[in-house]
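Next, two complexes with chain A in common: one pairs it with chain B, the other with chain C.
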Partner chain A sequence: MVEELREPMATASVQRVSVDDLPVEEALLSKLGARGWGRVHHFRNLYNRPWGEKGNAPVSPRAFEALSLFITAATFPEKKLPSVFLTDNGGLELVWEDAAGKSRQVEFKSDGIEYYLAATEEEGSCDLDGLPDLVRKLTT
Partner chain B sequence: MIQLPNTVPINITPCPIIEAIFEARFVSSQPWTNMPGLLYGAIRERYPKQVKLPLALLPEEMRDQSPSFMHLPLLQFIGENFLIQLGPRMVSLVTKPRSYPGWAAVRKELEWLITKVKEAGFVHESERIGVRYIDFFPGDVLQNLRLSMSLDNEPLHGAQVEFSTALTFGKVKTRLHITNGAMVQPEGSPEPEFGSVLDLDGWVGPSDSDLFGHGLERFTEVHETVKKLFFALLKETYLKQLNPTYP
Partner chain C sequence: MPVDPSENIVRAICSDKWDGERLSPSLFVGERTSVSRLALFSLEDHWDLFRGNVQKPPERILEMIGEINVGRLQTLGQEQQPPVTLTVEPDPMDWNHAHAEIPQKITRGLANKILPALHLHRPHSSQPAS
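Right after this comes the complex of A and B.
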C-alpha cells in the first residue's frame, strides 16, 4: 500500500483525487465554494484524532459520509453558500440561509442527523436512510 | 459495466496471489504513541515480533501534513502465517508473500484479530473495511483479460501499460489496477520474474463498516465481490489454462 508514496503526478500544482472521490470533491467545491471546500478538507485531514484542550472527538467518518451525500444531492439558494463547522463530538454542521434569509442547520453525527429550520422553528432527526427525504425537505 | 459471475472456481493452479490484505480503517480516541502497546498486549502470543516500517522514521509532524500518509502502516507484527500491520488510522491482516492460505484460514484469523482489536480499545469509529488481492501472472496478461486498451483504434500490444479504474457493485466499491510491467522476486531464487499484476481493492464505507458489529460479514462480502471481479476479468479460454476447481 505504498503507491501513494511514489505517485508520479504529485507535484505542487497537480493533486490527484482519490479513487471514487471525484463526484464528492466536485459537489463540495461547487456547492460550498473554495473556502467551504477547504474547511472540509482541513477538518477531515487535521482533526482526525482527539483535538482541543478537552480532547474533543475526531471527525466522524460516518458524519463526513452523510455530509457528502447531503451536499451531493442538495441544491442551495443562489449566492447563499452554506458554512461548515466541526462540533466537539466530531460531527459536522452545515448552516445556510433560505431564500427569505432564515437559518437552516443540519448536524451530521456519528449516530444520526439532526436539523433545525428557523423559519418554522422546526427541529428533528433522522438516520442515513432518511437522507433523501431530508434533502427534499430542507433544500427545495 | 462488467457482469460478476454467480459461480466462480474455489481455486486455480498455480495460485497467482502474491499478497492479500484485509484492512480496517478507523479514527481513534487514542494518540498514536499508545496504540502499538495496546495492540501488542492483545496479540503478542501469536505475533511476538515487531518491525518498524520505513514511514515510521518520518517525524509525526511531517506525516500529519500529507493525507496520502494517513492510512499507511507504520508497524508490522509478524506471526507464523500472517502479518498484522498497524498505523494511526488502520489495522490490517496480511498474508505472507506467495503463501496464501485460503479464505477459510483468513476468515478464522480475521475473526480472532477483530476480537483482539476490540480488546485493545483504540478504535473510536470504523471508517472502511477493505479487501485487497495482488495477483501476479508471468508475461503480459492483458491479452488474456476481458479488458482492452487501444491507441487510435489499435490495440496496445507490446507496450508497457498501467491502467486504473473505480467500479461499484452495490455497496462495495472497487479499485482495479493492472500493469504488465511488474517484477517479483520468486522465493528461493535470486532472479526476479517479469510479468503482470492485477491489483484489486474492494471496500465498504463508514456506514457499512461497523468493525465490531458486523466486521467479519463485511470482510466476507467484500472478499466475495473482489473474487468474482477477478474471475470476471479473465477470458474463458485463459481461465481453462489455469486448472480451475469448481465447488
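Right after this comes the complex of A and C.
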C-alpha cells in the first residue's frame, strides 16, 4: 500500500531530477527563468509520445541534452530571458535577442543543430560535436 | 487547383509555439505547413475547430490564431534570396474541410519574415491583435 502511494501510476512517467542533473537544472533555471525552465520540463513530461493533429515527434532526448549543454555554457543578454519552444519534429528551439535587439535562434534536433542570426540573416547547421563553437558564435 | 492569392488563411498557434512573449519561428519552418481557409469557414468557426481538434489540454492549449493573405505570403517568398514560389493547396480533412497545406519548404529565414506579417487573433476577439 505504502509502495503504491510512493509510485502512483499517474506520475510514474514523470522525469525525476537526479543529483547528477542538479548543475544542469540550476543552469536552466537561472538562464531561462522559471517560465523557460517550466516549459522545458512541461515538454519533456507531457510531450513524450506522438502529439498534435499530424502525430508530431515526441521530445528528442538528444535534443534535450544538446539544449542543456548549450545553456550551461552560454551567456545571454540580461535584458530579456530566452524563450523555449517545441518543434514539430521533436526538437527544442531557443530564441533570444542580441544586444542590438536582433533575433538569434537555435533548434536542437535529434540529428543536429540549426541556427539563425537575424542581424546577418545567416542560417546554418552543425552536428552535436560543433556545439562548443556554436556557443562561442551565438552568445558572444 | 491552388488557393487564390486573394484568400486569407489561418494557422492555429498553440502553447508549444507561444510562450506569452515570443512566437516560435518553427510555426512556419519546414514542408507541408498546415493552414486553413477563411473563405470556407469563418474565424469563429475556426476557433471551434481548432479547440476541438488541435488543442489537447492540459499539455497543448490553443493560444491564438494567425492570419495572413495568400498573396502577401507569396510576395514574401518572392522577396527571399533565393526567391521561393509558395502555393497553398487545398487538402480537406474529415475534421476540417477548409484544411490546406503550403507544400514547399520554408526556411527559418523566410519564416522570420512571415511571422511579423501575421495578424494575431486572441480568444474572444475577431479583431487582429497586431
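Everything below uses one rule, namely that the second predicted complex is superposed on the first by the 122 of 140 C-alpha atoms of A that agree within 3 Å, B and C clash if a C-alpha of one lies under 4 Å from a C-alpha of the other, contacts with A are read in each partner's own complex, and residues count from 1 in each chain.
Here is the rule we use: a contact is a pair of C-beta atoms (placed from the backbone, for glycine too) under 8 Å apart; a residue touches a chain by one contact, two chains touch by 3 or more.
All figures in this text were calculated on a predicted structure; none of them were measured in a lab.
Novice: So, does A:34 touch the first partner chain B, the second partner chain C, both, or neither?
Specialist: Once the two structures are laid over each other on A, A:34 reaches no partner at all.
Novice: So, does A:54 touch the first partner chain B, the second partner chain C, both, or neither?
Specialist: second
Novice: If you stack the two complexes on chain A, which partner ends up touching A:121: first (chain B), second (chain C), both, or neither?
Specialist: Once the two structures are laid over each other on A, A:121 reaches chain C alone.
Novice: Regarding the shared-chain residue A:46, is it in contact with chain B (first), chain C (second), both, or neither?
Specialist: both
Novice: Is A:110 touching anything from chain B or chain C once the two structures are fitted on A? First, second, both or neither.
Specialist: The first partner, chain B, only.
Novice: Quick check for you: in the superposed arrangement, does A:100 touch first (chain B), second (chain C), both or neither?
Specialist: Neither: A:100 stays clear of chain B and chain C.
Novice: If we overlay the two complexes on their shared chain A, which of chain B and chain C does A:84 touch? Say first, second, both or neither.
Specialist: second
Novice: Quick check on the superposed pair: does A:65 touch chain B, chain C, both, or neither? Answer first, second, both or neither.
Specialist: After superposition on chain A, A:65 lies in contact with chain B alone.
Novice: Quick check on my understanding: which residues of chain A belong to both its chain B contact set and its chain C contact set?
Specialist: Correct list for chain A: 46.
Novice: Note which residues of chain A are touching chain B in the complex, please.
Specialist: 1-2, 4-5, 7, 10, 19-20, 45-46, 48-50, 55, 57-62, 64-66, 90, 110, 128
Novice: Give every residue of chain B touching chain A within the complex, in rising order.
Specialist: It is residues 21, 23, 25-32, 55, 64, 67-73, 88-89, 124-128, 132, 164, 166, 168, 173, 175, 205-207, 209 of chain B that touch chain A.
Novice: For the complex, which residues does chain A have touching chain C?
Specialist: The contact residues of chain A facing chain C are 35-36, 39, 42-43, 46-47, 51-54, 80, 83-89, 91, 93, 95, 103, 105, 107, 114, 116, 118, 121, 123.
Novice: Which residues of chain C touch chain A in their complex?
Specialist: Of all residues in chain C, those touching chain A are 16-17, 19-22, 24-26, 29-30, 34, 53-54, 56, 58-60, 95, 107-109, 112.
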